[in-house]
Each structure stands twice: as C-alpha cells, then as structure tokens.
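Structure first, then comments.
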Amino acid sequence: MSDAAPAADQTARLQTRRLRLRRDGLGSRIGVALLLSLLCAAALIALAGHNPLEAFLAIVQGAVGSQHQIGASLNRTTPYLLSGAGVALCFRAGIINIGAEGQIAVGGAGAAAAALALAGAPSLVAIPLALVGGALAGSLWAGLAAAIHLGRGVHEVLVTLLLNFIALLLVQQLLAGPLGQPGAGFLQSSLMPRSAWLSHLAGFDVHAGILIAVVAAAALSFVLWWTRFGFALRVSGSSRLAAAYAGFSLARLTWGAMLTAGALAGLAGGIEVLGMHRRLIEGFSLGFGFKAVTVALLGAMEPLAVVPAALFVGLLESGSLAMQRQIGVPTALITVIEGLTMLFVLAATAARR
Amino acid sequence: MSMMLDMRGIVRRFGHVVANDAIDLDVAAGEIVGLLGENGSGKSTLMKVLFGMLPPDAGTISFRGQPLTGHTPAAAMAAGIAMIHQHFMLVDAMTVAENVMLGWRDAGRLLRRKEMADRIRDVSRRFGLDLDPDARVAALSLGRRQRVEILKAILRNAELLVLDEPTSNLASAEVAELLTVLRRLRQEGKGIIFISHKLPEVLEICDKVVVLRAGRVTGRTSVAGASQGMLAEMMIGRDVTAPRPPMVASSPGPARLSVKDFLAPGLARLSFEIRRGEIFGVAGVDGNGQIELVEALAGLRPAGSGAITIDGHDVTRASVAARLTRGLAYMPADRGTTALVKTMSVAENLMLRDSGRPPYGHGLLLTRGPANAKARALMADYDIRARDPSFIAGRLSGGNQQKIVVARELDRRPAVLIAHQAAWGLDPGATHFVLDRMLALREAGAAILYVSSELEEVLAISDRIAVMARGGFAGIVPRGEVDPRQLGIWMAGRAA
Amino acid sequence: MTLKVSHRWGGSLAASLFASLFQAAPPAAAEEKAAMLLPGSINDQSWNALGYSILLALKPHGFTTAYTENVADSDEAEALRGYATQGYNIVMGHSGRFVSAMEQVAPDFPKTQFIAVSGNEGAAPNVMSIDWNNAQFGCQLGVLAARMSKSKMVAGVYGLEGVPNITAQAGGFRICATKAGAKVSILYVKDMEDSAAAKEAALSLIAQGADVITGKLNAAEAGLVQAAKEKHVYVTGRGVDQTKMAPDAVLTNIVEDWPAMFGKTADEVKAGKLFGNFVQYGYDTAPVTGGSLVYDADKPFNPVVPAAVVKELDDMAGQFKAGTLKVEPTREDARGGS
Amino acid sequence: MIEFLAAAIRIATPLALAALGGILSERAGVFAVGLEGMMLAGAFAAAIGAWATSEPIAGLLLAPLGGGVIGLAVAIVAVRFRADNMVTGLAVNVLALGLTSYLMRILASGGRPVSMRLPLLTALPIPALSDLPVIGPLLFAQPPLTYLTALGCLLMTLFLNRTQAGLTLRATGENPEAVFASGGHPARVRMLAVIACGAVAGLGGAVLTLQQVGTFTDGMTGGRGYMALAALIVGRWTPWGAAAACLVFGAAEAFELRLQSFGVPVSSYVVQMAPYLIALTVLAGLGQSSKLPAAIGQPLPSTR
C-alpha cells in the first residue's frame, strides 16, 4: 500500500457509492417513475372532481405542515424503513421475501410478551430486551420460512405469503388468549408497562424508533458493502453460478438474509408496539408487508437509499389522511399511488437489465 | 447443373473484426457440402447471414433462383432453408409430435394429432429416422433429438439443410446412423451444408469441402482425392507446431495435480497427472466432456468415483472453498455468469474468490482500502484498462474482462491452475498476454491444465497435449512429437 | 400522555420555519365540528356505512362534519390528532379499537371529546365509549330464533372471537336461545368484511340443520342474508336494507339508533361538558334504548312471526327495562361450536 | 356429506377459474402472482356492469375486461420491460386494491357510500341430470359460472393440448428460443397469455360478486388469488389438476367451518389456520417434484 492510498481510496469509495446510485441513471429513472405515478394520481384526483394541486398541497401540509406532523410522518416511516431494509437485503440476494407482514406481526407479539413479562424492570433493561424479543420472534418466523423453502424446495414467495396469513391468525389467537387484556373493548393486550415505552425525542413527537431504524439501515448498508457476508449476498443475487464459483454456500446465504430480514421486521413490529400503540393490538401490522416491498424497490435495494424511500411512503401516507380530511379525496388514492409507483419503478429499473 | 444456393462475396464485420471476408459458397441439389473450420473461423457467422439472423455488410445470396435479401429466419424457412443447430431448438418437456407441430402451419390450428403422428411415422420410416411420435424429447438420446430436428425440416419441405456440428455430441453408432440419413436426403435431392471439424466424417459424407480460416476461404476442393492431412493443414495452418513464445523444455518435478480413475456423468474414466512446472494442454472439439472435467476438478459438480489430489491432499469431495485453500485456481469458460459478476466493479471481481483473505478481507469484514490498492496494483500489472477499481466489470471489453479473471486466479500463486478457454474471444495481443502469464506461472512451479478448442493455442504453450473426445482422452502426446494429422484424427474421435 | 405540550413550541428553528410555510389558516373558532374515523370503507353497506350515518345524524345538532375511512391501526393516533388539531369538538372512532389510540392522544387536547363507538371503556376525562347493550338484543334474537325454528337448531356467525361486544351478543344469543329450547351453533369467520366466506359459513350451518341464522358482521353480514335467501331459512340482519334484500327470509334487524345515542352527548359537549366514561344504552336506559328491532319502516317483525312470539319479545324488553331480567354472557357462552 | 361437497365446490369455483387463468400465464412463462389483483378487478368490473344495467350478464361481459386491464399492466411491465415477475404481480395487486376502492367512491359521486345490490346469477338445473340422486344436485344444479369453470377446464385442456396456439404457448414457457426458431414470437405469446390470464381470473372474481354475494366491497377477494396460485402449482399446471387442488382447498375451508361447529377445544383463530396449513403442507409434500415450466420467470432476450 502506498502512502497516498488512504486518501485516494477515501475519494474512490465516495465515488463508488455515488456511482452505484447513479449507475444506469438509476436515481433519475426512479425519479421519472415517481413523477409518472404522481401524474396518474393527479388524473385520478381530477376524475373525482377535485383539484390535484390542492390535493397534493394537502398531502404536503399533512406530512410536514407542523413540527408535530413531521414527527408523525417519521413515526410512520420507521416500520417501513426497518422492514424495507430487510426486504432489500433479501432481494439483493435474489430471495423474494414477502413475509415482512407476518414477521412484523409476530415480532410485535414477541416484543409485547417480553415487555409485559419485564414489568417492573427499568427502561434501560425493559426496552432493549423487549426489542430483542421482537427481533427474535420475527427472525424465528422468517427462519421457519427459510426452513420450508430450503428443506422442501417450495418457492419462497408462496411460503412467506402463506406464513403471513398464519402469523396474523396466530397474533389474534394470542390476543384472544394469553396476551389479551381482560375486559378490553377490543382484541388488544394490556398497556405496556411505562418503563417499556419508547421515549420521544425532545422537540418532536417522534419516538426513538426512527433513530433505531436509521442506525439499522446504516448497519445493514455496512453489512452489505463492508462485510464478506454482504459481498456474498450481492454476488449470489447477481449470479448464483458466480456465487458457487466463489465458494459461497447458497443455503447459508439464504438463512443469513432471511434471519436478518426477519429480525428487522420483528424489530419494526416491536417498535410499533412499544412506540406507537404501547400495546399489542389486532391488525396493527396490516399492509406493512407490501409497503416493505414497495420501499425496498424504491430504494433500489440499497439499505441507505431505503431511508428516503421509506420517508417518501411515510410522508405520503401521513399526508394522505390530511388530504381526505381537508378535501375529501378518498385515501384509497394512496394505495393507487403506491401500486403505480411500484410498477413504474419496476419498469424503469428493469429496462436496463 | 444450376445451383440451389449461391452465396457471393459475403462480408460481415463485427467492429474491427472481419468475421466473413468475401466468402463464396454454393450448393447444388443432391449435394452435400462440407464447411470446415476451427472455432471462430467464421462458419457460424456465415450461416447466420444465410439464415437471415444477421444482415451481411456486402454480398448476395440467391436460393433456387430467387434473391434473398433482408430476410428473416421465418422467410428463410419459408423459402426452404432449414437450420439444425448444434444446440437443438427443441422443447424437452414435449413429445416428438408436439415439437414437430410447433409453429407449423400444416399441423392445423386445431392440431391434427393423428394425421401428424402418421406422417411422422411415415417420414421416419422413409428416411430411417426411427422416431416414435409420442416419445418425450427429454427421454431421447442426443442423436434421436437431432433426428427430430431433421424430421422437422423434412416435413416442412426444406430443400437445403444446414447441419451445424451435427456429430459433435453423438456417439459413434449414432454418427453412422446420421450419415445414413444424410445419404437418404441426398438421394431425395436435398442440398446439405455439413459444418464440422471432423475430417473423417467430412471425407466420408461430403461431395465437396470449403475450408474457412480467420474469416476467409482457405481451401475449396472436391473430396475425391482429398486427404485428411491436406484438409487438416488447410484448416489449422501450416505453422501449427511452431511455438510463439520461446519455450524452455521444462524439467518436470513431482506431480501436483493427480487424477485417478475419475468418473463422473459425461466423462469416461480418466487418469492423469500434471507435474510441477508443466502445462498439460487439452485440445478437442467442444462438448466432448471438457466442461464436465474442469467443473468436477473445480468442485462445481459432484464427483462420481475415483480420486483427485492436489500436492498429495485428497480433494475429491472437498468444497470449492477448501480447494481454493489447497491452491487450486480455475478460469471458467463461462465468463458472463460464472467467472465474473458483470454488475459489480473491477475491484469486487478481483476479490470474488478471495474475499476472506488479506488484502481483501479480514475475518468477517472486507478491507476496502487495501483491497482497492491491491486492485490498482493488479490493474497495472495485468494491464486491465478501466478508469478505476470501481468501474463496472460488465462495461469493459471482453479482453479486459478476461484479464480480471486471469489476474485474480494467477495472483493467488496457485499450485494448480485450470484454465478453460482462457483466451477465448481475445484479440491476438491479449491472447499473447494471457499465454505469457501462464508460462510465467509455469516457471514459478505451478501445474497447469489448459483446456481449449483452439488447437493453435494449446500447441503454443503445452508441454504435453491430450485430445479429448467422447468424455475421455483419445490420446496424449508430448510437445515435441505432435503430428497435426494425428491430432485431427484424434479430434474426430478415433482413438490412437 | 407522554407528549409534553411544551415541546410543541420548543422545536428547532428550522422546523418551525418550515412548518409555518405550510400552516393552514387557523380554524374559525365558533364553528361546531364533528369528525369520524372509520376502520373500513363507508361502502361496506354495513358497519362502516352505519358509522357514516352517525356522522350525518350530527348535522341537525349543528355540527359540520368530516370523516376519514380505512384508517389503519397505525394511523389511528395520527388521524385523531389531525382532527383535534383542526379544532373539532367531537372526534369519533368507529370501533372499540380506537380507545387505545384515544387514550394516548386525548391528554393533548383537553377540550376535545373523543368517543369510541361500541367501545366498552372510558379512558381519560375526555375519552368515552358508547355502545348499546349487545347482550339484551342478542338475547331477544335468541328467543326469536328459537321460536321461529322448526328444527330447533339456530346459529350465529361472528368475527373476532373474544371482543367484548361480540361476546355479549353471541353469548346473549346462545343463553336465551338455549333457554328457549333450541340447540345453538356459533361460528367465527376470519374476516368480517368477506361476505363470500360468511355466506359459506352460513350455508354450512344450514346444512347442519340450522334454520334461523343470526350474526354480527360488517360487510359480510350480507352474505348471511344471501345464504338464508337461497336456502329459504330465516335470518336476522343489521339494517332495513337487508330486509329489502330478502323480505321473506329476514325476520328482523337490529337497527342501532346511534343518532339518539349520540344526540344527547353531542348537545352536552357543545355546551362544554366532557365525558370520560362508558355509556351503554339498552332497554334499561329508555327512552334511548340504543337500538331496536325493525323489519321495515313501520313494523318491528316480519309478518310471519306469530303474535305470541312478538308479545314474548316485548315482555322481555319490559323485563330488561325493569331490571328483572339480566343477561351477562361470558366467553364460554360465546364459544364457537355447538 | 353432499352439502359438504357442495360447499367445497362453491368455495373452489372462484379459485379454480383464477387458477385456469394462472395456468395460461405460467405455462407461457410468467409467474401469476397478480391473480389476486386480476380477480379483484374482475369482481369490480362485474359489479359495475351489473349495477349500471341491472343485468348480471353485462357484469359477466365486463369482468374479463377488468381482469384483462390488470393483465395488460403485468404484460407491459413484466414481459415488455422484463421486470421481475413476482414483484410485478405484487405491485398490480396493490394497484388493483387501490384502484377498485377509489373508483368505487368516484362512481358514488363525492365519496358517499354506494349501496350496491346486484342481481345474482341463479342456479340453472340441467333437466333430467339434476334429478339424479346425489350427483344431480351436486353437479347439475349449479349457477352458470360454475358450469363455465368446468367447461373452462375442458376447453383449457383442449386448448393447451390440441391447438397450435396452445402448443406455442406451452413451448414459450418451456423454451422460448425454440418458439422463436420455429417462427413464433415468444414476447407476443407471453403478453397475450398474461392478458388472457387476467380476463379469465377476472371471471373468477365475478363469481364472488355475481354468483355469491351480489355486491362489491373493498378488497373482497381476501387472498383468494394467492390460494389459486398455490392450487395451480399443486395441480401441476394442468387445468383438471388445478381444479382438483382448488377442490381440496375448498374442502379444507368447508372442513374448517364444520370443525368449529364440533366445538373443538381450540379457538376459532387456530381452526382458521387450517386452509393455509393444508396448502403449505401439500406444497411442502410436493417439494421439488413439482417441476416448473422450464423458462418461467426468465425474461426474454431483449432482441425478441
């Protein structure tokens, strides 16, 4: 190594990172895709007899119109960021994991069970342990999918999908049984002990989850670009033959990616429970699975780029409530935008493959 | 005799490479024309031009008196030209009849299955094809599959059949059967272009022979009076035995790679040793077990029986990673999806198989700084022309891509190197470079298995040369005793 | 609760600057406004459509109204807060599931009344739940079903096993139908919105011999009526619309009188009062009973219901009112199966 | 027992129709993950057609159109742009869910609820046959779309095995190069197959609106498209096989409902897992022996 190398490599690294995102004009392609889906959305809004500009303005206002709303949008972003980063990792390795929804649900249950069991413990113990409980539960659920996929050769899409349905029922069962709050008006657990609540960041109505999520995304990005495991994942996602040639075990990579993604989704579930609802409540994870896929795609399967992608979806959804509140455009529009965005991004990013 | 096919002055370039340089080719009805040439001599390009898959840069084609210009494969087929590819265009999961009916107007929109089956049996009997219309293609031998292709062509009233390397995948009994079929076709007045390297077959079946080398016609003769030696010289050139890099006769040391009674699917029982400082060249037509051999040695295919040892250590069932630590390097022929990850950077491709070792990695982590420095050094050393280590490998030229593979595998200072088609697709300069590096490795004491279908390359650098045919070695000969005629005969599948 | 109001004003300069750019005009103070959050779509022709009608019913009380539908669990708190911030006096959530979120949001908006429709608990001083007595009406349906059944087998289809108001209605149904001499079978379906699945559930019960079907579902309720219509058995519905679907099959509907339940509360909130309790309407809180049995506009029951049965049901209502009859179902009463 | 089988048939009908569509798509080489969205769009279009005209037949005509539009979206993105099949399928499922809900509200002018009461397609007993004991009421007194499903299995089998188009379609899923070499257009075949898949799956959705419940509600397919996908894999990409698998799933669900009424000691939630557990078990049991069409999910070379 020459003396000048470190500095030169520093710049090279930065260039690499920038190149990676700019490769094939990926960033601008995604930008165009976003723009197109917003245009379609505008047409739909106009079709409903509303002013698209007004509706978009309402979305922006609802998303970032006040300090509080910024916080709310960030809270909304958190689970998408965590689960989306995990899904991105799997996609990178060529594993289509659409089980985030189930993993989030089970993770939420795991965190709630841990937090309830830890009643009386100080926050410094209760919160980390509860989150670890969530991550473990999510990992376990993803591991089950990996085991069936690898052991029996069932396509991972079908396995993770069917396990989603089962996970939701499992959580309902837990809420109707051992985790349920007696006498509550709904299927929900008791309120978590206060020591297990995720604290809020000063100045914003945003819980610490967003920090955990950003750190997790950064860590994942580190794993992907700076570790041998991440390298192996990227190789196997690009070419399974090359991965075998390089001496990587595909089974082991699948386990690694699935368990990691499961842990992140489980963590997302745990954060939702400890930070948002403060209890496990029926249906808290509904629809998160597909959002995770959207976010992973939008983020071009790069954990750090998943951050703005999750933020986009988070802002969009948090703003959509305001849109319906103020102008009366149905919130179903947001689902349309998400679907269109996925399609356009897919078309835009696949075209060069 | 008026010609059925008349190709005049066909020119086709790829960039600076002239793949076809003013080639004339004509075929009469009831005539079998042999098209001979090494890999890369321009045969397939010429046929693609004929079949409308590539437009020529210059030249004319006329078929049965009609000019063929700007045509598509469909138009070529409609005109009566049929191509039987080396890799069959068959649907394995379907029956013979279904494959015949696929895309064929006469089969009817509502398939006339019974009628078709009858016609298949009929034609099959008439031409001695021996095909059952209800047999599933996946269950057929390669020879039978080829006959399905011929059957398709006949049923579709093809007048001119182009057979691309039709015998390369066949067992000898099947070759004989194929030649019988071709004679029948000739009797029926079909024209046939028979593309091959295999001299005995060409001499046996063809009426006349056209030989290509480096995109030009280097010989044109009637088979009457032609000999194998003469054809081999036209095909391979006269200077085959002259080594380009000056080679010092090696003083071989102890065996580094030893293969004993090794047997795996696609291979005949093999035993050989490569010693310290020796390059063992394997020549032969593609598809005779080369890929099976190198992948088994590299650990990418399960071993059948027998033993492989590297420096005395048994690696017969060792993983890829374990073989790597034993000092086995491997340059696969499949650059696109195995040897390189095209979407990744030069640096990442350089560390593909060594990511766990310094300078690329340490423990679980990658060490990017040292890895990049190393990549720069290798890029300089091996003349890999990329802007910087982060440049995407897939964007580089084929030569530069191959240099990445060479750099990666040689830099490890392997005990044993397996190189498969290591110079494939490279320009002469790059080829020279690669060969030089191998010779340097040989000097350093490695054992090298050099597998290529380019005979010249193999001859240029090998200490001993084996010819692979039908999954085994047809013969092994030391460098000093090479007789091109004998090699040609071995390549054609006749054991010594 | 954990949200410190002061923080809302103590944020970073950049954020408030940014915020001020987008801040909407402050809401006019004098206006009385009510908003409704719905867990599903107002198009479900059942529970959420009902919620929408509650909202409309507040208009005569002088409220301007707004709603948000398909509010996901994770959006609940945000949606509640959104309306509260906009100065809505009453913010309703159309399900017991909203109580949890209201509990969190309410302390920041001490002047807003939060009401969970069909919840069963009050939480903060300004979070109340309103529901009607599912057990009483479930019990009446049980007796009606038992009397109208020829096979003496009656059945109910519900969703979300274990939710209190489901337990109350299903349990009440089983207790009273059993007492009236019928065998009771209860089925839980996975999705209260999936009418095809609910119809299938009803058909399976009919196949086992049940000839009167009841239930408490959302969009899926229509599936029960459809099944009964096709198999020519009796069914009870959730609104006069369902009578129109199958006038011969529908015996009666529980028509929930939310406007009445809300009207009084709304007026008092307008006058500045806040509630933090659980109010359950029933025959014992007459004149507002929370619901009533209605076949169509002027008749409580299908004409096929004999006068004697009608009288028995009326008597039951009287006993509930007088407090001489009480039904308190348990999870065991509401269990699935027969 | 008859009633149990009848229930299995009813539950299986929409699944089987969707699976039939899925067979077209998958045998042409495109994963049919979008079935859910195609069914939903079909259900929606059927509801709109029947609602606007008060004629179920109008709904029936519109349903394939609804599903076909979603099919078209898949065709463009997955075939033309060569995007990943699986993720494209998921994307159109999201799109269909959003679009149907949104359009429903637009139609209801300004977001007010629509009360949609649709005329239902009623059972058409086949004279004489329907009087047969046991199988009469079971098989010959069905509503039209159920007959259509059976007919569809027959026609699809004939189409795949007995027509040039079917042959080409299957070959496209196995070896598109062979199709190209024989003068066909693999990309065109795939696009048409996916659009046809949408149309047939749309009819599957119409079973729900026009034959079973008589109304449209948001997301009313509730995962049935995914079950149809599992069924066509279990049924090894053959029409009768897929239909049989749908019947097994239908039976599993019918069994689940009946299991509850026996008063098993576990909660309804556990019992409701049954169909999914059965699907997973069957898939795992088949394991790798269920051989996919050889070229499924592989994008075509861009030159073709």
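As written, the chains take the letters A, B, C and D, and residue 1 is the first residue of each chain.
Simple rule for what comes next: a contact is a pair of C-beta atoms (placed from the backbone, for glycine too) under 8 Å apart; a residue touches a chain by one contact, two chains touch by 3 or more.
Computed from a predicted model, the values in this text were never measured in an experiment.
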item: Identity of the chain that, by mean CA position, is farthest from chain C; value: B
item: Pair joined by more contacting C-beta pairs (B-D or A-C); value: A-C
item: Intercentroid distance (Cα basis), chain D paired with chain B, Å; value: 46
item: Distance between chain centroids, defined by C-alpha means - chain A, chain C (Å); value: 34
item: Chain centre separation (chain A, chain D; CA means) in Å; value: 30
item: Whole-Å separation of chain centres (CA-atom averages), chain B against chain C; value: 75
item: Touching two or more other chains - residue numbers and ranges from chain D; value: 101, 105, 111, 218, 267, 269, 272
item: Residue numbers of chain C (touch at least two other chains); value: 41, 70, 161-162, 190
item: Complete list of chain pairs which touch one another; value: A-B, A-C, A-D, B-D, C-D
item: For the chain D and chain A complex, residues of the former touching the latter; value: 31, 33, 73, 76-77, 81-84, 86-88, 90-99, 101-102, 105-106, 110-111, 218, 223, 226, 229-230, 233, 267, 269-270, 272-273, 276-277, 279-280, 283-288, 299
item: Complex interface listing, chain C residues touching chain D; value: 40-45, 48-49, 52, 70, 161-162, 185, 187-191, 193-197, 199-201, 203-205, 207-208, 219, 222-223, 226, 241, 244-245, 335-338
item: In the complex with chain D, residue positions of chain A that touch it; value: 44, 47-49, 96, 98, 148, 151-155, 157-159, 161-163, 165-166, 169-170, 172-173, 176-177, 290, 293-294, 297, 328, 330, 332-340, 342-343, 346-347, 349-351, 353
item: Contacting residues of chain B [partner chain D, same complex]; value: 73-74, 77, 83, 85, 89-94, 98-99, 101-104, 107-111, 113
item: Chain C-touching residues of chain D, taken from the complex the two chains share; value: 3-4, 6-7, 10-11, 14, 101, 104-105, 108, 111-117, 120, 208, 212-215, 217-220, 222, 253-254, 257-258, 260-264, 267-269, 271-272
